[in-house]
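Multiple structures follow.
Here come two complexes built around chain A, the first alongside chain B, the second alongside chain C.
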Partner chain A sequence: MSSKPYVREVSKTTWFMSQPRYKRYMAREVTCIFIFAYTFLLIVALARLAEGQEAFEAFVQALGSPLGVLFNVVVLIATIYHSMSWFNVTPQAMPIQRGEEFVPGNIIVGAHYGAWAVVSLIILFWGM
Partner chain B sequence: MSELQKRQIQLEVLRYNPETDSAPRFQSYSVPCLDEWVVLDALNYVKDHLDPTLSYRWSCHMAVCGSCGMMVNGEPKLACKAFIHEYKEGQIKVEPLANFPIERDLVTVVEDFISKLASVKPYLIPKSDQPVSAGEFKQTPAELKKFKQYTLCINCMLCYAACPQYGLVPEFLGPAAIALAHRYNQDSRDGGRDERQEVVASDEGVWECSFVGACSEVCPKHVDPAGALQQVKVASTIDWYKEHLMPWVKK
Partner chain C sequence: MAKSNKPIFWGLFAAGGTVTAFVTPALVLVTLFAAMRFNMDMFTYESIHAFAGWWLGKLIIFGVILVSLWHAAHRLRVTVHDFGVRADKQVAIIVYSLAGLGTLLTLVYLLRI
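The block that comes next holds the complex of A and B.
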């Protein structure tokens, strides 16, 4: 046994640049910031609503501005990426055994996409 | 006899001699490889014909013993399962497993993993003592299937080399140890989960995992340690709710 094994330092700030799979992981994690931002926007919406009709209408109008639309589009893309990256790993976290065999992963993933579609449609028609 | 395809490969091997070197350095070997060779064959060629001082671990040459784990072109691989023909560039970089200290050349210090593995008690702890005369512990095929994939772990530590979390927080119990704890927890003959949970559900246990999933991607035996860890998180979370919201319910 040697007395001085060599320890290779791992960079605390740039470690994820070394592998594509680490970058994919960071993309999944970073996209949650956009979801946080949108949640914050909803809280602001509530605050404007509490202030009265005029404040809320001004807020809604601001959402329709090019910047507001751009924000929504970016958040939508980030949210879809974030959600899909989690849906796709659900079979690993929640395997279902029926009798001897495990339910195929794509059925578990598919159920998530199905539930997503149903909830989206309900909100869409409920809001109309 | 047909002529076997030969290809000259530049093997870049990270060398480190603790007695003379202050840091590791790459050494290049030109190796005449046969097309069906694996990286381990190329290393054996170097050892036999070019440089007998090269140190590395290997034993079975058939992806069973788990000794020859190393970084091949930056990817954790079993050297016996990394085929030369998959590396088209003609140059292959071989380094010791990432996230482990280098003992010498491609040999790493693995005591950390061994002690972590032992700490999760990776063996059957029967629910109650039973005399041999009582007969065997029976198990249905479905009960076996529940944990079978985790029994395939060969302790090769590729998952530790792939795990960025282990690299950043060396205290992390890590993928294979927790996956093996899960293997015994899932076994219908076992009653040792509470003992294992003390280590597995601690801060340095499963909660250090942020589900990068790299461990499962590099696992040569398709154990899916990342899946095991997420299942351990779900079970540990249910424990917490039972304990705090329904203290009258027994685990």
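The block that comes next holds the complex of A and C.
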């Protein structure tokens, strides 16, 4: 018998490419880069807002450049992916027990999607 | 018992994940529509300034930005590790410093409005 331990070589940088579920995990994790970048965009918006009307309107103008629109579109896709992946695991993250039974997962997920729709509509009407 | 700062960061992380999941897509839609001049009455200086000038508006803006920043920073730290970078301490210092700086700037700008 060999005393040499069995060591599998696993790449530190591309390990997640081997399985679809690892790829989905990484896709969800990567969305944080866009959320981080977008939050700083909001902080810049606040800075311009504090400077005055002219600065704020110049900021919105700059946001309308092709690069600004592209950034918003990419962030939108990333955040929707983040939201869906976040809500889809809520039954595992916070199971709700009623007596002996657990509330079925699809009810918990459905409630979150419903609340998401309501919150989104409120924000859109606020922005309008 | 050993003291750990984990609950604080973990709490901000969980709150941030939930808040960003509910709020961020719609916020991005608002800025995207504003960028595309979808509706000229949208995201105007007057309306946003009025909201940010209201104490509860300030509190909401501060809360959303605070938890978004700390959530993304914590997740970014893990993601960098997942991509094979084995320098957790340095990465943690960088991402949490950025989040701290963002929090401070948000506070300063909000108080100026």
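Here is the rule we go by: the second predicted complex is superposed on the first by the 126 of 128 C-alpha atoms of A that agree within 3 Å, B and C clash if a C-alpha of one lies under 4 Å from a C-alpha of the other, contacts with A are read in each partner's own complex, and residues count from 1 in each chain.
Note that in this section a residue touches a chain if its C-beta (ideal position, glycine included) is under 8 Å from a C-beta of that chain, and two chains touch if they have at least 3 such contacts.
Here the structure is a predicted model, which means the values were calculated and not measured.
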When the two structures are laid over each other on chain A, do chain B and chain C clash or fit? fit
Have a look at where A:8 lands relative to chain B and chain C in the superposition and call it first, second, both or neither. first
Looking at the overlay, does A:41 come into contact with chain B only (first), chain C only (second), both, or neither? second
Let me test your reading of the model: by the given contact rule, A:16 touches which partner, first (chain B), second (chain C), both or neither? both
Thinking of the overlay built on chain A, is A:100 touched by chain B (first), by chain C (second), by both, or by neither? first
Counting only touches as set out at the top, which of chain B and chain C does A:127 meet: first, second, both, neither? second
Compare chain B and chain C by how many residues of chain A each one touches, and report the one with more. C
Minimum Cα separation, chain B versus chain C, post-superposition (Å)? 5
Find the residues of chain A that appear in the contact set with chain B and again in the contact set with chain C. 12, 16, 29
Mind pulling up the chain A residues that touch chain C in the complex? 11-13, 16, 26, 29-30, 32-33, 35-36, 38-43, 45-47, 49-50, 53, 56-57, 60, 63-64, 68-69, 72-73, 75-76, 79-80, 82-83, 86-87, 115-116, 119-121, 123-124, 126-128
Can you list the residues on chain B that touch chain A in the complex? 16, 18-19, 21, 23-24, 74, 98-99, 101-104, 109, 141-142, 145-146, 164, 167-168, 210-214, 216-217, 224, 226-227, 230-231, 233-234
Touching chain A in the complex, chain C uses residues 17-18, 20-37, 39, 41-43, 45, 48-49, 51-52, 61, 65, 68-69, 71-73, 75-76, 78-79, 82-84, 86, 98, 102, 105-106, 109-110, 112-113
Would you mind writing out the residues of chain A in touch with chain B in their complex? 1-8, 10, 12, 15-16, 18-19, 21-22, 25, 29, 89, 91-95, 97, 99-102
